Amino acid sequence: MQPPQTNAISVMDLTVAYHETPVLWDIDLDVPPGVLLAIVGPNGAGKTTLIKAILGLVRTASGKVLIHDKPYEVQRKIVGYVPQRGSVDWDFPTNVLDVVMMGRYGALGWIRRPSKDDRELAMNALEKVGMEKYRHRQISHLSGGQQQRVFLARALVQDSNIYLMDEPFQGVDATTERAIVAILQELRENGKTVVVVHHDLQTVTDYFDWVTLLNIRRIASGPVQDTFTSENLREAYGGRIAFMKNR
Amino acid sequence: MQVHIEILFIAIVTSSACAIPGVFLVLRRMTLMSDAISHAILPGIVIAFFFTHTLSSPLLIIAAAGTGVLTVVLVELLQKTELIKEDAAIGLTFPALFSVGVILISRYTRNVHLDMDAVLLGELAYAPLNRLTVLGIDLGPSALIVMGVILILNLVFISLFYKELKLITFDIGLAATLGFTPALIHYGLMTLVSITTVGAFDAVGSILVVALIAGPAATAYLMTDNLTRMLVLSAIIGSINAVVGYLLAYQFDVSIAGTIASVTFLAFVSVFLLVPKRGLLSISRRHLRQKWEFAQTMLVIHLLNHEGLPEAVNESEIAHLHEHLQWEPSFASKVVRYALNNRCVSQDDTQLTLTDRGRTIAEQALVQ
Amino acid sequence: MLIYINNLLNYFDYTLLIVASGAAFLGTVSGALGTYAVLRRQSLMGDAISHAALPGIAIAFLLTGTKIHLLLILGAAIAGWVGTVIIMAIVRLTRIKYDSALALILSTFFGFGLVLHTLIQRTGNANQAGLDTFLFGQAATILKWDVITIGILGGIVLIIMLIFWKELKLLIFDEGFAASIGLPIRTLDVLLTSLLVIAIVIGLQAVGAVLMSAMIVAPAVAARQWTDRFSLMVILAAIFGALSGVIGTIISSTAAHIPTGPTIILCATLFVIISITLAPNRGLVWNSSRHRRNRRNIGMGSNQLFEQHQQKSD
């Protein structure tokens, strides 16, 4: 018997505006559980804003977001987040293991300090992203790819059902990109839902099985083979898509 | 009476002289450099004072301005080590230099007259007492003449290098590729700021100089996008602040420099609230006006998005609208009324349908 | 030898002990809290808060007519806090950038404080203190009770810092992630600012505005050079702050006319200079020798260099 399938994420009539300038117009989006979803769209399409709105980090003008049929505030613990790598100061005095341990803070709650178990979990996550050797490395001494792996490990340690990632392939080397894709696909195999803001149209069909095309409004959303059509892409990107021949 | 007019002139000239280079500091996000310079010139002043025994000798101004430029160099050197960020480099340099100055004063100038309060706070009221006489002819208060010369110096520098200054303010990379040696202009500007600070220091003291430099420029920045206009506005605002400040201070018999600084703040706040287009009042009025427009657009887009789809019946049900859009029920019904009045939607029993007008609005909003 | 010890003990007379312990407390608290400000690139917030506090002190004095330490601290804290809030508001609501907003508020608030100060002077109240006292403090006039006040308030600040240790750390490292796991970042931000304000205003009367702004920056910058760990950085900054306080006090007591506040600043600055030149890994000496090594390595061929790099990274 199939368990009742609720959508991992449902976004309903979501409008976000900064000073009455819309960033997202009336977005409806259903993300079924267990998909690996790419959000693509031109610069300024509101991709990051959409992720932040799902996480309740920006004020919405209308609409709502449900995570498995409940508001984000109650479901926080089953959602993991990977912010853009550029959003933090990598010269901060801390090491790799410590950053990954921050992923446990949500589960720990106030006042309590991370325990041995948390440390163990963090080490496991580091192993998964191939960074266990670097656990004592100061974070400013990491390459872009390594920084991204650390962020990914921090999300893994949250042990969530749903992962939201903002441009995890931004400025990483080819090896890291392959490693990250493998991890994302493994997550999906384990029944997790992974939502990724993605820039590189060339790799969408290879990496993802579900795609949302966004340009302030939702252009299309669904399985890659049905949705990632040149027609939809033209609608999302306007005329700027000539290089995407016959995909 | 003569004294009042002289003080007023000193205040106006000092304020304009500070307000003009202030524009470039504000635009280049280097305003705090003026804070650093105004503190750090103290040791320069003290050491020069040992030799000149007067606070208004040109030698003293040159020595102190040298210390100011030295501060800029020090801050930049500290930053270059990449061990210290810019803000921390400033926050380290000027207290240290200032401390050196204070220790020198308290240790070695007990016998000579260098009043700490005068150095820190200045006293405009006494400025006319110190007069410049050449061959027995009274040329006027030396503060007025010194600041007048500095003002002219600033104007000459800025009109000579206007194009270059503009370029390094808005695109330092381009300035370098065009061969304008931004460093030269940068240090020219910093020398000017130092000289101006030292000159003004005498009249208003070290901390209030910062108000004269940052205040009018920041206020002008709220009013215009045009660099030339910003420079003119900054000088005018600085002068107005000086006049109003002096009159109030005279009326209530309080510190002149302090009152000018307070007026500077009030001027900034009133411009911030009242200036057309960018002011808080007109912004919030515009927001209020746009609020309903915007809500109406949200509504028509919502209807358009679900038009012709199976869930449309449910989504366009008036009674359920507020649930879909997560609006307050009262807000939702007001928006519906607003949209009905504008003929963007029509009511069909309990359902809302888009009119042609509403559809056009929605489609236009989505395209932009 | 005996004479020497006797002399040393004489240095540590009662007043000196009081002043030194007050300076040590202040150094500890401002060093620890300064770490947060420096890492958030808000080093000059201390400068703004300490100058903006002047009108608060003056108003507290005008209203109560007393010089009760705690009341003046309260006034200073409120004014410093209001100044900070206005800076944030200007940055959020206008196109004016952080540096200009900071300069504007610190100078105009200070100017307003100056106006109030002349009002106080006119009332001829014998209790009033000179403005240079506000800027540099009067460490020599610190009483036992002042030290106790500083100790208690500073202690509270440090305890709150420890209670919310991991939350505050996450706030300054990665605000977005902190919000995503449900931390109330606005509240935490207000809390951190308040702690910083208290850390600054408790020292104003004793060591003055300029010193307090320096003590927020210098110990933290020095500490950063010695460690790559946040917790150690806070501890080291506190230690450097305390040491600067004590050493500065002692030096200024050895000769006449060496004011305490500025001497403490110079001690803290000396810590910075030593740290950025000598600290292992980051220090300038270390770096220049590493550069020389690297230059030699270029001659070794890239393969070897690569291996060496690999070894170093483990």
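The letters A, B and C name the chains in turn, as written, and every chain counts its residues from 1.
Heads up, the rule we're going with is that a residue touches a chain if its C-beta (ideal position, glycine included) is under 8 Å from a C-beta of that chain, and two chains touch if they have at least 3 such contacts.
None of the values given here were measured: they were computed from a predicted structure.
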What's the minimum number of touch steps needed to get from subunit A to subunit C? 1
Two chains sharing the most contacts, counting C-beta pairs only: B-C
Please work out the Cα centroid separation of subunit A and subunit B, and write it as a whole number of Å. 40
Measuring from the mean C-alpha position of subunit B to the mean C-alpha position of subunit C, what distance in angstrom results? 26
Listed in rising order, subunit C residues that touch 2 or more other chains are 41, 224
With touch defined as at the start, can you tell me which subunit C residues reach subunit A in the complex? 39, 41, 163-167, 170, 172-174, 176-177, 179-183, 224, 227-230, 232-233, 313-314
Residue ranges of subunit C in contact with subunit B within the complex: 38, 41-44, 46-47, 51, 90, 93-115, 117-119, 122, 130-132, 135-136, 210-211, 213-214, 216-218, 220-221, 224-225, 257-259, 261-263, 265-266, 269, 272, 276, 282-284
Subunit C-touching residues of subunit B, taken from the complex the two chains share: 25-26, 29-32, 34-35, 39, 78, 81, 83-85, 87-88, 90-92, 95-96, 98-100, 102-103, 106-107, 110, 116-117, 120-121, 207-211, 213-215, 217-218, 221-222, 249, 253-255, 257-262, 264-265, 268, 272, 278, 280
Help me check something: in the complex, which residues belonging to subunit A touch subunit B? 12-13, 15, 17, 19-20, 22, 25-26, 28, 60-64, 216-217
Residues on subunit B engaged by subunit A in the complex (per definition of touch): 287, 290-291, 294, 297-298, 301-302, 305, 324-327, 365-366
